[in-house]
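Some structures are shown below for you to check.
Presented sequentially are two complexes of chain A, the first with chain B as partner and the second with chain C.
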Partner chain A sequence: MTDVAHAHDLHAAPPAPTGWHRLTAAGWLRVLWVTPLFFGIGVALPVLLRWAADWHPLWKGSVILTVELVTTPIGFLAGLGVFDYWAYYASGRPTRPEDHSGHGAHSWRDYFHVNTDHKVIGIQYVVTTFFFFLVSGFFALLFRAELAQPGDQYFNPQTFNVLVSDHAALMIFLFIVPVFAGLGNYVIPLMIGAGDMAFPRLNALSFWLLPIGGAILITGMVMPGGGPSAGWTCYAPLCSHQPLGQVFFNMGVQWAGTSSIMTALNFLVTIITMRAPGMTFWRMPLLVWANFTTSLLVVIATPFIAGSQFFVLFDRVLHTNFFEPGGGGYVLGYQHIFWFYSHPAVYIMILPGFGIISEVIAVMSRKPVFGYRLMALSLMAILVLGFSVWAHHMFVAGMAGWLRVPMMVTSMVIAVPTGVKVFSWLATMWNGRIRFTTPMLFALGFLSMFVIGGLSGIYLASVPIDIHASDTYFIVAHIHYVLFGGSVFTIFAGVYYWFPKMTGRMYNERLGQLHFWLTFIGFNLTFFPMHYIGLQGMPRRVADYAHRFADINLFISIASFGLGASTLVFLYNVINSWAHGPVAEGNPWRALTLEWQVSSPPPIFNFDEIPQVVGHPYEYGVPGAKHAILGAPRPVPVLTDPVGAD
Partner chain B sequence: MTSAAETHDQGAFEHHGPPPVHYSSRVSPSVLGMFLFIASEIMLFGSFFTVYFFDRVVNNGVNGVWPPNGYQRPAFVAGINTVILVSSSFTMHWADTSIKKGNRRGLCAGMVLTFLLGLTFLLTQVIEYHRIGFNTSDTSFAATFFGLTGLHGAHVFVGLTILGVMTVRAFRGHFTPEHHHGIEIGGIYWHFVDVMWIVVYVTVYLL
Partner chain C sequence: MRRGSIIQLTAIGLVAGAICTAVALAIPWLPVAGGQEAGRIHFVYWFTTVIAICVFSVVTAVLVYSVWKFRAGPDDDSDGPPTHGHTQLEIVWTAIPAVLVTAISIVSAIVLAQNGHAGTNPLVIKVEARQFAWKFTYPNGTSFGTLTLPQGRHVKLDITADDVIHSFWVPQLSQKQDAVPGQHNFIVITPTHIATYPVVCTELCGLGHALMRSQVDILAPADYEKWVAQGGTASSGPPGLAVFQQNGCAGCHTFKPALATGNVGPNLDNLAQEAKQANRGALDAFIKESIVKPQAYIAPGFTDAMPHTFGTQIPPDKLQQLVQYLAKGA
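Coming up: the complex of A and B.
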């Protein structure tokens, strides 16, 4: 540690600016005047262009708003200093090379500034996404309160739909997708023995796009005329005729999507070009494999949701006819394009979780991962198959009939690589010396819940059952079993597992286990009855329902409040442990992967010397097995006294 | 602490930065990053081609006709424009090979030519929009026409911004035969924009 601290002093950040320079130096003061400046540009640009082209009226609210939602965030980013390096480069001025030395976080304030250290960005990501997790979870509790009784109590149907739409959008675009990027950001460079991501400045930009996307989505809810209420799927043409808030929804998704594409690109380049010597593809930890596949999915699929949101936005703002049947548009085209992203998106939301579970189960069972290569290849199989199943979301949409059976078959085939993974995890645990720590409990909870969600997925893949269950609470139950019981459980497993590494302190194990049991029970009490009421015919996305569902909905609402309360245990545990928890050692789980071979939290450059990888990452219980040698290849200076002084 | 470890610490005191990066691939990170970015751009164009396919083929055009009656596509002017844009790819290549050989005047001339050709393309496109006689709100044909050409125009604009920056730096002498990543990466993007235009031109104006 001493050498790192020393090196850091020499490369300390330039002295703090004084006087007027504080206004021009990157930071929140500059945000205060650059953001309004770009707001002005956003108003002037469309008005001037319309004046130049002689279009009337010059002042068109929806167009100005759309441009605003591009320029104002750019102003915010410019003020904060995300673009500083590129601006210097573009204007031909000398640039400060990024050697990752003048940064790292020294106090909590550093997390509110642009920072290119992947460890800082990882924590920024995780904390931000958990903020949005709490917000959208709170929305869920609000509409569960409404659903506790039939009839309208607290919200009118419009507000109810806004809450439902934003609950889903925030959970998907601002929590599950980016939180994996955050955990990956922290862990992946360490795992492959690199000093940082391949593009640290791009990494900082990707992070700062995220709060922008979230802020835009939430602002849209309180817009005059009403928020976006077309569901997170935002189907055309319903979505093109929504109140003003819909523009915010479309643009918020664009910002979050851009962030996710750039992070994925960064992950791919990092994993391909920056692995430590000896770290072949078949020696990479499975989390690295999982992030590699996920990133490929993001880079290939996410542009399609960008396209779909552009089209509905243009249909609304520019009155185009992409999906307007009256002007020769094809309505179902939206759903095809949307689901061509959004089905792969469910794998974007679960594959990194698979990676986390592989790490946790191997370490906590003290056994090598069963079928390591098949585990990696099944990820690839899911990646390829994931692109061939999108239309199973559209069995009742009136799409071409011949498309149904092929999509049904491919959807069911995906169960094969997923099954390979599930059985491999079981086989990994078989005869292992299992430690039931909190991450392991969440991993086991994930395994059982994800299998239930997967099975109801196979139900829904078959056309006749889907036609019966479509748009009922059965769907709601299914997606929550795979996204909450699946993804969110893996996220909790990952957060507990790497908590000592990220914060340098240990969480409270008893509170962690209490959190697990409260979540596990609350989750099942909330979502399992939804299978039943769904099959009985209760439709989703409606504020009011038939009286015969009253009792069971009251039960679900009470259970959901319990589930919400379980998060408080988590919050208390995390915040309290971060501040006052016992100091964590470098490798509390006795894991072999590289991130655990350095101190907790890791030194500012991760490694003093790039490690040499010599074996597989999961050889637990194998005598003499070694994954990597740290600091070995350094040329040792000639000693004056080879025997040693002491 | 043994003396070997002490010496190790002493040695560590002398290096004041991160350990040298180990590259596990022969491809440079920025070139790979640009190719992945282009893959994602191709998919973005892909979504626009998909909506074009749905509106024209699946929906059988506007009342079964494509383009609808009364709509003229300026295929000839756009064809000339295509030649202009494609030739800018060759000047870009010339600039790139010049700097590899250490010929700075070739680099500067190539960059200026490329920039001017690209600018001509973009301005021609703006004039074409102005005189084309229909607007975004006229049928799905107009929507896909402005969608595809507009998306491409936005890419030309981004490409021109990159080219402009690189031209300024070329004149300031910031590129050497060894270090000219900016030219190389910007060039790859520009070639992508040109190739994509050929696909857009054939789809939108000719088919």
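Coming up: the complex of A and C.
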């Protein structure tokens, strides 16, 4: 790991605490006693209140657990020191002046402490989320082993359902959504010419909520009585009557969701207020546009999934009747609220990927992005339309019949801006000088796989076809073509593309290409046959199935093990290259965007001089074109009107 | 654009289209259409497939051509031409997809309306789903664990659930509908073939979800009338077997005489031995208590997962048949 902090010595770090102060100073030692303390509070509070009110039994598992899953994480965060600055401020004690002594990372240990540097947080995010990617991918291999043959071999139905539920929940809430927040965290301040995110302390808090969410979801799996097993969709009323492990799901999603919302707010404020002089909205790289729209989606939609999980939890713990049919609840209400988040969440999981692909294709084809403004506008169109399609997940649910055709039409229409993006990427490549580097291979893999996923999406948008295909393996195939062939391919493209910038070292190109081909082939062999078994009649989320699907399921399971093994190539490549790879230049791709105009890794405050943006970010092939000038004299701050300023 | 490149592009597109068409036709993607509604749904499927193959072929042609022709040499540091956009082209590739999806929407909406049409005199059957069994109740009040339908008549299923959400699906009949507690949903099916198809639950409903299966027997109209006249005695086994099947016991339990293989709950093949171990009275009493009040004794290694409601759901005479059947089988 390379030393990020050249300029660090300019700011003296506070002296290291000694003696008893080591126990009260922020850090893992304090975590060791503050977390148990808050755990104790979490037990004592409900028990004492129940004793005072004379409610029996005093020890009620679901109540104590719910309170526990709030207090224990707060204790962990307090111990680690995430709240220190705010606690000092609120209690009237002198706050420590921000001397930026915490910026940068000197050794791998620094990544395990609270840090306000967006570059450190970005790497914390990406590494943490990839950890959950590996864990939940491993869950998938476990249940694929079970599915290799009909009947029950390795897991009983309860364990199978837990593995399926947690595979999806971890992949969605702990990998795809936050890994984009991590890449964005690293790249966006650099791309817009800012020194950091707008709220660095909030940024640190957002990150540390994430391992909490993941730990809760995984702990729930090993709860006595069984883990969360109602699927990642967690439909009521099934999930209200699951064993206690289900509460871990309800609460784990809250922590991950809170993290998501706070990061999105941070992105919005950063992008709106901290762009370098001259960086108008119409000069922003498309990745910034993509994260801007994604953040709007997150801020508007995520509270709905928080609501759905709280209501389910209240039905269990507080004996409310939001979704209990016996108490006058509205069963389908859960699905409406859940999908009002979870359909926009599909775009939360793909729009940042669109941004990455625009960067990679333009740079590797040495051409400007074709139809830049329409590309940005189609992101906005997807944002708006994305809120009008949620009920296409409910075509067979028994909702109001009249709602089906309008929801079908909006779902169909959203294919139009998505199509515009695909055609624009193709036109960007047309007549280019294409370099088939690993990021570009993943971008091309994304393009072809996402077209297949988009087209199977058209089938599912059509109500009659959806009635046949809903809740079958056709859905499993579709979601993996858009989330794996789509999102995960863009994530790999982004990780390889910015790897030299983030680590200061170059990855191994040959291994990168091997990883791509193994993933691409393994992916298609695993997921393409699922279209067939789904249409033929195999429902999803079953541990056992009809014998006529046996051969094809065995084939899928073998292919999935190959797909899983391809990840080992990636892991070896990134770990080995991070430690021993050749030192990377500042701008190995000869890209124009701002993050490539500084050293790799960037200086501790990103830019030694505030960059002056003078043109568009993708002017490849335009003689003498510049996106930004670095080292120009610091401009006098003037209020400029960003609209049409280019 | 040169004429040569247009010809090459077209050739790649045609090859891609031909391969896709071959894949679409050679593999039997859809099950047999066993009903009028399924036939219409298959039409929408093929209509969409034609459009999808066209779109995919165009994208593939441009992609393959670009990868083939625009590869930069190892020492080539040049940039491509600075093309920023082309307004007419952008309008075209916004408009054409819009037209295509509108066409699919219109066809879909028409088929959806037709598939909801039950005629003036449909056969109405009540479908009740519960963990993990189906119950089909006919207009004359008799109910069964499997579905029997006449060929060629509109059937309207009135679907609901007792506990959690389930979903009714017969792959060959295509129509699917969630069974939602506290709510009645309707679908129409009009079988065209005399056949037996599986009934599959497609909504995750708990531990026995994978085994929540039944079947639909479609009879010629005359045979159906005969079946109704005979009081619908389909299964020829002991009366307890019918109770066992109607209540979905097979979803969770293994019981060899009934060919049940579930393993969510205890195996029922050695009940006599279990009764001794449990030490809760005679075999019959033990079996009855385990059905009516399953929480009273929980077999080692299991949890209190069995619904507590069978005592009220199964009428006393049927319960007696079930107890005898289980005791004898064991």
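Going forward, the second predicted complex is superposed on the first by the 619 of 646 C-alpha atoms of A that agree within 3 Å, B and C clash if a C-alpha of one lies under 4 Å from a C-alpha of the other, contacts with A are read in each partner's own complex, and residues count from 1 in each chain.
Everything that follows uses one rule, which is that a residue touches a chain if its C-beta (ideal position, glycine included) is under 8 Å from a C-beta of that chain, and two chains touch if they have at least 3 such contacts.
As the structure is a computational prediction, the values presented were derived from the model and not from experiment.
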Contacts of A:245 with chain B and chain C, given as first, second, both or neither: neither
Partner chain in contact with A:429 - chain B first, chain C second, else both or neither: second
Touched partner set for A:53, first chain B, second chain C, both or neither: first
Contacts of A:332 with chain B and chain C, given as first, second, both or neither: both
Touching partner for A:459 - first (chain B), second (chain C), both, neither: second
First (chain B), second (chain C), both or neither touched by A:439: neither
Which of chain B and chain C A:261 touches, first, second, both or neither: first
Which superposed partner A:274 touches (first chain B, second chain C, both, neither): first
Which superposed partner A:299 touches (first chain B, second chain C, both, neither): first
Residues of chain A contacting chain B in one complex and chain C in the other: 329, 332
Chain B - residues contacting chain A, complex: 1-4, 7-13, 15-25, 27-29, 32-33, 36-37, 39-41, 43-44, 46-48, 50-51, 54-55, 58-59, 61-63, 68, 130, 136-144, 146-147, 165, 168-169, 172, 174
Complex contact set, residues of chain A against chain C: 151-152, 156-158, 161, 225-226, 230-231, 235, 237-238, 241, 243, 325-326, 329, 331-332, 365-368, 370-374, 396-398, 401, 404-405, 408-409, 412-413, 415-416, 419-420, 422-424, 426-427, 429-436, 444, 447-448, 451-452, 455, 458-459, 461-465, 467-468, 470-472, 531-532, 535-537, 539-546, 590, 619-622, 625
Residues of chain A defined as touching chain B within the complex: 2-3, 6-7, 10-11, 53, 89-92, 99-101, 193-196, 198-199, 261, 265-266, 268-269, 272-277, 279, 299-304, 306-308, 310-311, 314-315, 318-322, 324, 327-330, 332-333, 336-337, 340, 605-610, 631, 634, 636-637, 639, 641, 644-646
Interfacial residue positions of chain C with respect to chain A in the complex: 27-31, 38, 40-41, 44-45, 48, 51-52, 55-56, 59-60, 62-63, 66-67, 70-72, 76-86, 89-90, 93-94, 97-98, 101-102, 104-105, 107-109, 111-112, 115-116, 159, 163-165, 167, 169, 171-172, 174-178, 180-183, 185, 198, 200-211, 261, 263-264, 303
